[in-house]
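The block underneath contains the structure these notes are about, expressed in structure tokens.
Residue numbering begins at 1 within each chain, and the chains themselves are lettered A, B, C and D in the order written.
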Amino acid sequence: MKPYCREVYYYETDQMGIVHHSNYVRWLEETRLDFLRQEGLSYHAMEETGILIPVLGVSVSYKIPFRYGDSFAVTASLYEYNGIRMKIAYDIRKEGEEEIYARGQSEHCFCGRDMKPISLKRSFPELYEKFRGLLAK
Amino acid sequence: MKPYCREVYYYETDQMGIVHHSNYVRWLEETRLDFLRQEGLSYHAMEETGILIPVLGVSVSYKIPFRYGDSFAVTASLYEYNGIRMKIAYDIRKEGEEEIYARGQSEHCFCGRDMKPISLKRSFPELYEKFRGLLAK
Amino acid sequence: MKPYCREVYYYETDQMGIVHHSNYVRWLEETRLDFLRQEGLSYHAMEETGILIPVLGVSVSYKIPFRYGDSFAVTASLYEYNGIRMKIAYDIRKEGEEEIYARGQSEHCFCGRDMKPISLKRSFPELYEKFRGLLAK
Amino acid sequence: MKPYCREVYYYETDQMGIVHHSNYVRWLEETRLDFLRQEGLSYHAMEETGILIPVLGVSVSYKIPFRYGDSFAVTASLYEYNGIRMKIAYDIRKEGEEEIYARGQSEHCFCGRDMKPISLKRSFPELYEKFRGLLAK
């Protein structure tokens, strides 16, 4: 799995001179959708089929701040999944460094367009298997 | 027309220590929807009826920066309107002050859910008149 | 403690038709700074004195989505504090309703302008007591 | 000059199902800083030397909306410059297409850390020439 990398945008900083903490939640989303795509799972295509993956919960812990001029690298891993819900963990580093700058987690369910939960196993068995293949990767 | 007022949010600042210029475009939207509502025109209700008012153009000129701790007051006025398109001008001040801190303009059309233009005059004559009533207010 | 209330902004929605989950982290910040101000603690003034309160961690769990047209009401409570770190919990409701729509938590430390931790008890005893007064409120 | 390209982020969409118009102003900033960097002008380094380039004005006109799943490509060109102020124009396309999706403009001045205008020609003659080299590129 290739980490998701990009530079910090100027507009992501705040008057403390560091990236505002709320932006990390957006970075997790960018990473998550990139992570799925790397596995041949286009969220864009899923939404068009009528499968939404809303966020049930998100958390971030911040160790070292990012600043304008930095680039970040995020790795994602699916660590819980049963076809109805899933949990993803994220490690955020400065690009090219080993040290963890922040960690994140997100929890999701699978829904139809009506926002009602669906079971991938029953309704989309092929997709169910693809997600299962991400576990422990 | 009561000006639209609120305080600056911390997350709206950037590392220059001032409000990032992109947020003003969001302030114009907040003001616009408040302005319509003050006239009994709920954009929320319009969207539910199938009338969208997308933005065709927007501009802002910045005179004096806003900082965290400030509150702003924006007045809006509809200065062009023909039932198909409209233009709104905005004056942004610090709350309680006369001096202009920034000025903005936005241009809009009226669309259906399919993003195709509609003529309010033909399709929603009552709404057409309500908007016309805003001219020069 | 008066809950922090405001309407959802149109630009806070995403193509699912609900408020994008990242915005809640900003709502927590808005609430937190309002909460402190209600107790006579201006974060703006604190930053000018050289006291920063960066975020060490944040989490949100989402129960019921918010949509454009809704207003939210957030209550905050300080539930851990020792003058070096603090934790705040947030309940997010639709304005006027009892039901919880989302819950949040944030953890913070107190820093100087150099981003080094400070002990309020030692360096700002008066402020230390004010924060202590918020515990269990 | 290589165009600045990236995909649309999910969180940049709104409930119309298109990219919220305010985000284009951020795209212009991303493009501008990339454009300068391509010419060996790091805005990050400039800020550290004490040269800020605040935005005096910005405008965007929207022709065709962007959606999640799209990638955009922005070209920038400096079309006015005198060492005190400058104007940049932007053409926004879908990546790989010729058609213009949106156009933008931004106006800037050069300031010191105290937000007072500086003349590049007098204070930073080398930088002055570098910017002049961008004219008509």
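As a working rule, contacts are C-beta pairs under 8 Å (C-beta built on N, C-alpha and C of every residue); 3 or more make two chains touch, one makes a residue touch a chain.
Here the structure is a predicted model, which means the values were calculated and not measured.
*Asks:* Over half of the interface residue numbers used by both chain B and chain C, so same, or under half, so different?
*Replies:* Over half of the interface numbering overlaps between copies: same.
*Asks:* For the pairs A-B and B-D, output the one whose chains share more C-beta pairs in contact.
*Replies:* B-D
*Asks:* Indicate the whole-number Å distance between the mean C-alpha point of chain A and the mean C-alpha point of chain B.
*Replies:* 34
*Asks:* Please compute the C-alpha centroid of chain B, do the same for chain C, then give the distance between them in whole Å.
*Replies:* 28
*Asks:* In whole angstrom, what separates the CA-based centres of chain B and chain D?
*Replies:* Whole-Å distance between the two chain centres: 24.
*Asks:* What residues in chain D touch two or more of the other chains?
*Replies:* Residue numbers touching two or more other chains: 10-11, 15-16, 18, 22, 26, 29, 47, 68.
*Asks:* Which positions of chain A touch chain B when the two form their complex?
*Replies:* Touch residues, chain A against chain B: 10-11, 13-18, 20, 22, 67-68.
*Asks:* Please give the residue numbers of chain C that touch chain B in the complex, ascending.
*Replies:* Within the complex, chain C touches chain B at residues 6, 9-11, 26, 29-30, 33, 42-44, 47, 68-69.
*Asks:* Can you name the residues of chain D that touch chain B in the complex?
*Replies:* Listed in rising order, the residues of chain D that touch chain B are 15-16, 18, 21-23, 25-26, 29, 47, 52, 54-62, 65, 107, 115.
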